[in-house]
Amino acid sequence: MSEEQAYGGQDVVEDYIARFSNWGRWGVEDELGAMNHVGPAQVAAAAQLVRQGKVLSMTLPYDLSGPQGGGFRANPLNLMTATGTDYMAGAQDPLPAGFGPAHGFGFADDVLVMPNQAGTQWDALAHIFWKGRLYNGFDASGVTSAGAQRCGIENHSRSFVMRGVLLDVARHKEVDSLEPGYAISADDLDATAAAQRVEVRAGDAVIVRTGLLEARRGQWGDYAGGPAPGLSLHVAPWLHEHNVAAVATDTWGCEVRPNEIELFQPLHVVALVHMGIPFGEIWDLQAIGEDCASDGVYEFLLSAAPLPITGAAGSPVNALAVK
Amino acid sequence: MSEEQAYGGQDVVEDYIARFSNWGRWGVEDELGAMNHVGPAQVAAAAQLVRQGKVLSMTLPYDLSGPQGGGFRANPLNLMTATGTDYMAGAQDPLPAGFGPAHGFGFADDVLVMPNQAGTQWDALAHIFWKGRLYNGFDASGVTSAGAQRCGIENHSRSFVMRGVLLDVARHKEVDSLEPGYAISADDLDATAAAQRVEVRAGDAVIVRTGLLEARRGQWGDYAGGPAPGLSLHVAPWLHEHNVAAVATDTWGCEVRPNEIELFQPLHVVALVHMGIPFGEIWDLQAIGEDCASDGVYEFLLSAAPLPITGAAGSPVNALAVK
Amino acid sequence: MSEEQAYGGQDVVEDYIARFSNWGRWGVEDELGAMNHVGPAQVAAAAQLVRQGKVLSMTLPYDLSGPQGGGFRANPLNLMTATGTDYMAGAQDPLPAGFGPAHGFGFADDVLVMPNQAGTQWDALAHIFWKGRLYNGFDASGVTSAGAQRCGIENHSRSFVMRGVLLDVARHKEVDSLEPGYAISADDLDATAAAQRVEVRAGDAVIVRTGLLEARRGQWGDYAGGPAPGLSLHVAPWLHEHNVAAVATDTWGCEVRPNEIELFQPLHVVALVHMGIPFGEIWDLQAIGEDCASDGVYEFLLSAAPLPITGAAGSPVNALAVK
Amino acid sequence: MSEEQAYGGQDVVEDYIARFSNWGRWGVEDELGAMNHVGPAQVAAAAQLVRQGKVLSMTLPYDLSGPQGGGFRANPLNLMTATGTDYMAGAQDPLPAGFGPAHGFGFADDVLVMPNQAGTQWDALAHIFWKGRLYNGFDASGVTSAGAQRCGIENHSRSFVMRGVLLDVARHKEVDSLEPGYAISADDLDATAAAQRVEVRAGDAVIVRTGLLEARRGQWGDYAGGPAPGLSLHVAPWLHEHNVAAVATDTWGCEVRPNEIELFQPLHVVALVHMGIPFGEIWDLQAIGEDCASDGVYEFLLSAAPLPITGAAGSPVNALAVK
């Protein structure tokens, strides 16, 4: 870690941390973070939101058409280790592994190679560090090549079954997509919620639609890492006040880019590292946006558990909205 | 594909197929299979099963401690591309990709390499072929190195939010684990359901506990591919009669091994290929088994959507039971 | 395989195949192809070309800066599984795997994920098919998801220790790079050889420099798969006449692109599939080009054995010129 | 890095380091290490050893039959992304990527996933650390998740073209394999060389055959990481005295296991970290052993350049002996 240095905006970050940090709030061993806001009562209540029996997915397909331009985080690659064409050519008779004659039987199999955060995903609380620490003060040195000893995504293996609230800021502002660089304020969130007649409650997942994913779908350009609309650093008090348990958006990094201050992704520092709020990124909110607009119901049962990949800094997820 | 040959048991397989096949039942383009039994009414009713707000996961951790002995289907490998130790050593200042000075910020990132069916998983309907065809008569030749054109797992991206029923056969028979080679019969399923005071209904996911995973946990031996207790081929009529939408067990392959007839995994041929029933395998049913035994409630909201990996023959899944 | 269809250029391809095919020439089981031209006498003579004791590599670094734009053939990804930063942070004490206390010892380790043909590489004779067959008439059906049963790259595990001749066509024509679309003719090869005072002999590797790699280095654009200068289909008679054993260039696909006739990569069809000549692609010929120009010696010991990856369609290779 | 602690054998390690370290010998920026012993004169002389024109490979096939039992270093996995069976089924017509109609053309392609040190390999000088440093005193902190900044295997991209000397200790001692735990001494090396009438010279690669690989081939057991015969720590003076440039054996780790002192792999600490000698491991010496025994010639041109994987801690290699 580099030595601490001064930067523009340092005071506000320190102030937010001082006021909103949840370190220690749920015990010194806690690795769940703001998901502690979601107890059995919240889960049970969220299930009651299911009225129509409709299921929508907020997840992009995992394949080479995704938003990653190659390199560090490439798009998912699914590699076939057994195919129907092999089978049709007789290559599976006899069956492999000593399973005997095929008698007409055949199979396909595959191996997935993907950065956990290549597409629709959850950040684990181990994903981000600040001043040598991750959520709840755990030492960043515990995140090694063997994975995260603390706050790996497996800690949330039973999480994200909860009330989800869509705040469709783009639709509220009557634009296809907010502009890159637009910082979504607490006032924007409140105005959107009011217009959509939905209330944000303690333990909710707040899902914010900017429209950017739809604007870039298939022509991704600099979607991954470039300028984007997103949450302002200054929604931190709002997240605290509402006891928000999780946040997700349809952008690469949830936060407005470029950032408002000199610190990279400062809301991650305040909200993920200190408040323990997991961030969902690259969520595809087109279908849920249209659905909520059509029925006027912006709340639903969110079911979005990550894969429990031991020690992982994040996970792909099939995020479902059930209405 | 090899030429069709005679084998012991051929008649019963042909008979079951003739009587129970769902090919064409939901249209010639259908790729959902028995999940068509689950409509909005079933989803909404399943959500009503959530009373306590308790969430249990039926998924093994995805890591090197899994049941695969290496080779074709190795255990999941999560490879870190950025770590806390790098960060602490100053290697993330400046941040990569032109993101500027770190000012104390750091991150972890990772790449997952895993066979989709290495651990807890769903078989896609494209996973198994018989006589040149997969579910609904689609040509097996359409499953190439580029993936499955038909019946890839992405077709079930909004599936598996449904009523789940645990049939804990091992507990009913008062054994830690059924013996390898034990074929679970329709009578076993009925007796277990009766003893557990739970009814199997149309559109259910039937989850069958043999106890084998727990008996082998950590000392897997031949768990993956070896002899195992499992469903008898002759539960096919029962699956048909109950309009079961999905099946899952705590074994490698759902079916009893060695198989009862000369055909490899004949229940896959009848139920997956012809009835369109997805199979869940390597589910960890210890926690749900104990929970259901303790409260006597063997039904729950199952939320177990796969990752929508385009064209994949299966998917890892975090299968949740919500009670 | 699609049905045979007429296309422009079909006659010349058929004619070249009829005249130059080596199928059966070295026996019906042969998987070495034109490398049969290289016997002990050729190897021993090639070693005598080493006079200065100078070693040059013709291989691009294997890393994310390579020419692949992502997708099907992504650039090589080397993933660290143990690092110095882990070690410095104390994460390797005790050592893993029961190796005991570190006492100051530490290590780094890594996993390579790369398409075999992402960078500097050899095509195996199993890489290309025509009319259902690969080199020597082997059935293309034998190249399955389990790899190539015939003509996999492991057959050349002791190959490519031979005389290498650089034909620096770009330098001879006094251009930095030949233009995309420029088809290098047999006359070009002869003129270049004459100007460079080097003779092509039976059993040689002919290495042709177009300059394209250098022109595109670091700004690859459509280097991988786009228009390129390269060998004309009509060098086939020349390759036959000279008993060339292997060919390599500094382009993605050896042949001129767009191709001269309607068949994709027709020289592969004639020379690789029928003459059994392995093709080396994406070779970095800058250093060897400069060296040969400076000393006027365009022949050398080539040592360029592939990795013996069983059943592979190609292999990365560190291709050395020893002078 | 853990704090320095006392251990049995510390004095001898410190003594060997004090006497034999090459840090600074070839400049403070040197990353080649003992390969500096190999200059043009040595390369040219080595080429003169080629008399018969015979090529032998000392590399195991890279495939799932290798010695790794799974986990951290799994066996190589070659994954097909295009196959002959796809092609035969018509799946390559039209060709992908806009390449147009196939007209009978087809291809195979693949992706390699392998730990660099899973099979026959070279250790880079960045592979091992001691007391916070790697070869030439470079800081171990420079080996991050992004790879080794110093002493990555790419530094040896033009190395290992040199005189190779096989010391077939097992054959000299008339055993199929030395016993696990047997420490090969300097006297053993001298006696073997004398019996084989070969002299070890400055700049040689010394290749030591224990026979263990052949004894375990196909039934690997604990070959990877378990007890093994190997070089004694006390060959360090001998390596120094002979100015050996590289060492390779047919075992997993070159050194005798269990180690002779309490430090793990102490010869790596002395010879690789401090003398800068790259270690080759898991070399298959059966064919070269038999060949040298049959013609009595134990010297040859070694051509064994690694893949220049940027920043890698090691590399697979097709190690050739040319006689």
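Labels for the chains are A, B, C and D, by order of writing; each one numbers its residues from 1.
The rule is simple: a contact is a pair of C-beta atoms (placed from the backbone, for glycine too) under 8 Å apart; a residue touches a chain by one contact, two chains touch by 3 or more.
The structure presented is a predicted model; accordingly, all values stated were derived computationally and were not measured.
Looking at the partners of chain A and chain D together, the chains they share are B, C. More inter-chain C-beta contacts link the pair A-C than the other of B-C and A-C. Note: centroid distance chain C to chain D, computed from Cα atoms, is 25 Å. Separating the CA-averaged centres of chain A and chain C is a span of 43 Å. For chain C, residues touching at least two other chains, in rising order: 72, 77, 80-86, 88-91, 96, 111, 113, 141-142, 144-146. Within the complex, the chain B residues that touch chain D are 64, 68-72, 74-75, 77, 80-83, 86, 89-91, 96, 113, 141, 144-146. The touching residues of chain D, when paired with chain C in their complex, are 1-2, 4-5, 7, 10, 39-45, 47-48, 50-57, 59-63, 65, 72-73, 76, 78, 80-85, 87-90, 92-93, 95-97, 99-117, 126-132, 134, 139-148, 154, 157-159, 161, 225, 262-265, 268-269, 301, 303, 305-314, 316-318, 320, 322. Looking at the complex, you find that chain D touches chain A at residues 77, 79-81, 83-86, 88-89, 91, 111, 113, 145.
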